[in-house]
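Okay, got some structures for you below.
Okay, so chain A shows up in both of these, paired with chain B first and chain C after.
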Partner chain A sequence: MTNNKGKRKRYQAQNQKCAYLFILPSMIILSVFVFIPLIASFVISITDMNIFMKDVRFVGLKNFLRLFEDGRVRNATFNSLYFTLLEVPLQVGLALLLTVCLSKNNRYSKLLRSVYYLPFVCSMTAIGIVWSMLLDPNMGLVAYWLKQAGLETIAFLKDPKFAMPTVIVVTAWKGFGYTLTLLAAAVLNISQSLYEAAQMDGAGSFSKFIHITVPGIWPTISFCIVTSTIGAMQMFDQAYVMTQGGPLNKTETVVQYIYDRGFQTAPYDLGYASAISVYLFVIVAVMTFVLRKFILSRGEDADE
Partner chain B sequence: MKKKLMSILLGAAMCMSLLAGCGNGANNNQTAAADSSDSSAQTGEEQAAVPDAAGDTADAQEQAASGEKITLQFWNVFTGSDGDILREIVDNYNKTNTDNIEIQMDIMPNDQLQQKLPAAIATGTAPDFVLFGVENLAPYVSNDSLEDISDFWDVTGVDKSNFLENVLELSHVDGKLYGTPMQYNVSYLYWNKDLFEAAGLDPEKAPATLEELSEYAEKLTDSSKNQYGLALPTNVTYMQFLWANGGDADDPQTNANLLDSEENLETLTWLQDLMVNKKVSPENITGPEADTMLQAGQIAMYMSGPWQINGLREQGINFGIAPCVAGSAGAFSPAGGCSYVIPKGTEESHKLAAYKFMQYWLTDDILKEWSQRNGFPVWSKTLMEDPEIQNDEVLNSISKATEIGRSYNLGYSLASQIDNDVMIPMFEKVMTGAATPEDALKEASEAMDKVLAQ
Partner chain C sequence: MNKGKKIKLSTVAGVIFTTLIAFSVLLPILWLLVSSFKTDVGVIKFPPRFFPEEWTLHQYLYVGDSIPILQMTKNTVIFAGGVTIISLLFDSMAGYAFARMRFRGSKLLFSIILLTMMVPFQIIMTPLYIEVYKFNLLDTYLGLILPRATSAFGIYMMSSFFTGLPKSLEESGRIDGMSEFRIFRSIMLPLCKPALVSLGIFHFMNNWNDLLYPLMLTSSQNKRTLSAGLAVLVGNKVIKYGPTLAATMISLTPLLILYIFCQKYFIEGVATAGMKE
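Right, the complex of A and B next:
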């Protein structure tokens, strides 16, 4: 037994060296595109660097102080939170609902699951352009249909009240197929015997769903919630393509404001843009931490 | 977020180094053929970053003497139909020029160019010359990123006095020349003659005053047919309206805030009435959407630059061009234009080659082709005498509308911030009715103080 253990240890040590070799390529890519830029943005945020990169000086926390007085940062933070709080439940809820209907592995469910997955494969830019054409109040198909039906046209993306909800619905529509696929795969892993046992105990389909399906796929659900929350807090492309942050900055998210300060409005203040991105980093980190603490630990409880 | 931001940055930098790498590579090979010792000193990308003035001049003479080929990288923002015409002209230049210059052109949207170019200049991988709107000059100049080309007229022998003073002025910052003008434009008032006739208005008479504009626009609006009298996109500024009543935004010379005035309040009240009560324009549209609707005949009047003309011709719209409307203080229109500029760090021989192309552009033949095919106003004095130009109907109506051109914050390094943080939000709030003209003006004036304080 002991002999065996020693052998395994040596074997593992060798294996580990090998493993580092295998992760080296991704480590290099990650360092170049994630870790180094991450550190760089922390450093840039305490300078007054602009895009011309001349005469860079350290300014301490000046950029951060400016950030807290900037109304547009507050507005953008509100918009990002608003987007996240509505989009994530909508996307995960929709996927969960459809999972119930499509969890059987027959041909029909497989076909529908692939169909729902399609928007996720497409680029957000293309989808954004198509939706803004469809929803255009003057030339769009949806406006035409509403008119034919005798209803008043709504300027979905142009009305300050409707712009953000529209962006949320389009994003959820694009993303739920991916969540659905993950959840459906998890559902298929739940042992059928549990359902049979429940049936014998006289459980209806709703209580089966609540008491067997949901706890069974809880780790996957929480994974989906955490990843889509992080994604939603960093929302950029859909608003950039469909509304450019307008009308009246109602759809301007934090990332969009970062982009605007860094690359759209002279003097292209990279220092300030980086400070906002550090601010967003902190928000996302805190949110992820809290979510993991509450949702994932609950998942572990459920497992036990 | 950082991921995205930095990957954009890095991606841009990589693209640039690829592009520049190719350019320099081609270059080095050619110099290598001419003089191997020279090229060995110049290998690598530092060549562009740290040009050795003396060496380069020698290089230039050598190249001229032996007729060595010079390849110029040229970036521009002409993504529209005018870009095709520009490409034709450049291709033609490549074929016919006797100085063995080859221009490699790269067209990209303005947004993208403005992101790439500063980083390219900072890393010494910029193209040899660039063509962009004069409103972009100031930030580059204040960061010392463009070559001062005040010697252009002396070096090339082009007669400076043949061009309109106000057009040349657009390419100057602090009295120094940083670009050679390529085209000049102001905003015109386009009107759809067929829609005018259908609404019972005289199709040959455009509105001349603010009152007429709103009166006509109301008559021309028919929401049941999805037809609007006037298109006013919300992502732009309307200096022509403020100026018409004698108001203004700021004074770039003295850094003064001129927003908070009775005149501006009057103009904004009129604008809000036009948009919110009379609803003559589609709500919250963007410029490109307005362009499409104008070409589809859904919009009767629209203020825009010469680049509309080709699209309207293609769609067979029966249109007229008039100057922007007048208010109590007269009629004005924001002037703009495009200039060829040379990024800092371009080596001397390439700079001289770019001068040669600019000189070619400033010949009457090319300027005439450009004006006639694109409908841009003529600003060469000898060309104005040309009978063909004088008989061109479109160019004639344009030259009248061009007389009222007025410069707005050009050459002012805070211009882009004033537009994005003060003026556009103010107009948007007024036009959507999100704030009363008084509140919007007050808020904008405070925002302006903040920007000007920098």
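Right, the complex of A and C next:
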């Protein structure tokens, strides 16, 4: 009996050691490349470190004070918010509308859903190159077609007024298929008997949508809104490829400005770049918190 | 009678709307495909034509003269492939331990890992760069692959898959006196092939397409990935339209082919990501 117990204990101890070995590689990598940088980011933000990393001194909150007086930070913050507030509703709204049209799981719906997903598989670089060429005001096909149709052409990505809206539409174009995939999976999970019961009560298709579909997929909708908001606030690729932040910095986002300060423009001010990262991190955290609170409470209302 | 007609009308409107959107998705991609077979003159011809008037392989044959496409493709394959293979191994090992083994601190460690999923890349970007620089790994394959060699999301996904498997499986292995690693490798791992394929595709696609990360960690032209290298070259406006189109098409082709044949797994990976909440 005691022998057995001892054996068991030894076995468990060995099992524990084994478990640590299983998680060891992942833990090392996550510690070195996520945890430490996360903490370091806050530390670097209060130094004057540049890319040569010599004579690093602590400067307190100087970087943060500088940030609040930097007009380009203000401009980039405005651009990121502008982008997020229009892109997310456009992407999620379009996906929701299409989900309604394609809620049956027949062949047509399946085919179209996989077509819509196609741009999501492609890199933003490739998408950006293609759309920049198509939208070129001089030789682009879209501009030419608009002219043929007798419409006034605009310079799209080269016009300070239209550059950001164009980037927004292209981003939504690339991403709505992904949102649609998530929403459609959620819709197909709703029990058919709910719809049948509503049918018997004489509910029309619009009221079925409002009272059954929306509450049924609300957790997924809120997941899509939160994740695409976080993603949109970190927008970089689109503007880097299509506009390089221009024209007149009208599409320069916060992440782009971080990249520019730290890695593109001398004196490669890593301390300042980190301070802007921390600043963006706080904005995103607050937005996520508020969104969740707002959306979750609405979700509970919808359940009632 | 009247009601039947009304439903039909809304269905027709729905079909027209969804088809129009499908065209708007397909046309730009189709345009890229056919335009990469245009001649130099055909590419910049005005008024522009959708289809080439004269089909040619010229752009593909000479793309290497203006864009180091072979080197870039090789870099991307090594980077995205390397990350995928190593990350699949480490993710599934850690996921297995968290799901099937009991050890001190497992709950705490797992919640910390889940929390790191919410750390946005831009906050760790600068320190990550400094680390890779200090390790002397800037502009190397190892420096690109190592920070991505495991992922919180992958650990989470594998662990939820392993949790769903019946407990009796590893018992039989233990009775046969197999080591824990052999149980993992020969009994458990083969069972999660679908999850591994989905996660593998997820990693491969993300890294293949990633821009900011490889852009930051590489400095020379001959370590640039397709998406980072093309973005830089096109941004500098030194490349002609023709080779750019061909190179862009080349950069998309592997994922498009993968998507056509493994569509199910692309979607499944996404669906799991959606259940993260």
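Here is the rule we go by: the second predicted complex is superposed on the first by the 264 of 304 C-alpha atoms of A that agree within 3 Å, B and C clash if a C-alpha of one lies under 4 Å from a C-alpha of the other, contacts with A are read in each partner's own complex, and residues count from 1 in each chain.
Rule of thumb we're sticking to: contacts are C-beta pairs under 8 Å (C-beta built on N, C-alpha and C of every residue); 3 or more make two chains touch, one makes a residue touch a chain.
Computed from a predicted structure; not experimentally measured.
K.L.:
Tell me which partner A:255 touches in the superposition: chain B (first), chain C (second), both or neither.
P.N.:
A:255 contacts both chain B and chain C.
K.L.:
Return first, second, both or neither, reflecting whether A:37 touches chain B, chain C, both chains, or no partner chain.
P.N.:
A:37 contacts both chain B and chain C.
K.L.:
Just to be sure I read the superposition right, which of the two partners does A:130 touch: chain B = first, chain C = second, or both, or neither?
P.N.:
Only chain C is touched by A:130; chain B is not.
K.L.:
So which one touches more of the residues on chain A, chain B or chain C?
P.N.:
After superposition, C is the partner touching more of chain A.
K.L.:
Considering only touches as defined above, state whether A:47 meets chain B (first), chain C (second), both or neither.
P.N.:
Touch partners of A:47: none, neither chain B nor chain C.
K.L.:
Would you check which partner chain A:155 touches, where first means chain B only, second means chain C only, and both and neither mean what they say?
P.N.:
first
K.L.:
According to the stated criteria, A:101 is in contact with first (chain B), second (chain C), both, or neither; which is it?
P.N.:
second
K.L.:
May I ask you to decide whether A:141 touches chain B, chain C, both, or neither, giving the answer as first, second, both or neither?
P.N.:
After superposing on A, A:141 lies in contact with chain C but is clear of chain B.
K.L.:
Of the partners chain B and chain C, which touch A:79 in the superposed model: first, second, both, neither?
P.N.:
It touches nothing on chain B or chain C.
K.L.:
For A:229, select first, second, both or neither according to whether it touches chain B, chain C, the two together, or no partner.
P.N.:
neither
K.L.:
With the touch criterion stated at the top, can you tell me which chain A residues are shared between the chain B interface and the chain C interface?
P.N.:
32-34, 37-38, 40-41, 53, 138-139, 234, 236, 244, 254-255, 258-259, 262-263, 273-274, 277-278, 280-281, 284
K.L.:
Name, in rising order, each residue of chain B that touches chain A in their complex.
P.N.:
Spelled out, the residues of chain B in touch with chain A are 1-10, 111, 114-115, 118-119, 121-122, 136, 138-140, 142-145, 226, 234-235, 282-286, 289, 292-293, 296, 298, 413, 415-417, 420-421, 425, 428-429, 432, 434.
K.L.:
Inside the complex, what are the residues of chain C that reach chain A?
P.N.:
7, 10, 14-15, 17-19, 21-22, 24-26, 28-29, 31-32, 44, 46-48, 50, 90-91, 93-94, 96-98, 101-104, 106, 109, 113, 116, 119-131, 133, 146-147, 149-150, 152, 155, 180-181, 184, 205, 208-209, 211-212, 216, 226-228, 230-231, 234-235, 241, 244-245, 248, 251-252, 255-256, 259, 263, 266-267, 270-271, 274, 276-277
K.L.:
Touching residues of chain A toward chain B in the complex: what are they?
P.N.:
32-34, 37-38, 40-41, 50-54, 136-139, 155, 158-160, 234, 236, 244, 246-249, 254-255, 258-260, 262-268, 273-274, 277-278, 280-281, 284
K.L.:
Which stretch or stretches of chain A touch chain C in the complex?
P.N.:
12, 15-16, 18-20, 22-23, 25-27, 29-30, 32-38, 40-41, 44, 53, 94, 98, 100-102, 108, 112, 114-119, 121-134, 138-141, 144, 173, 177-178, 181-182, 185-186, 205, 219-220, 222-224, 230, 234, 236-237, 240-241, 244, 254-255, 258-259, 262-263, 270, 273-274, 277-278, 280-281, 284
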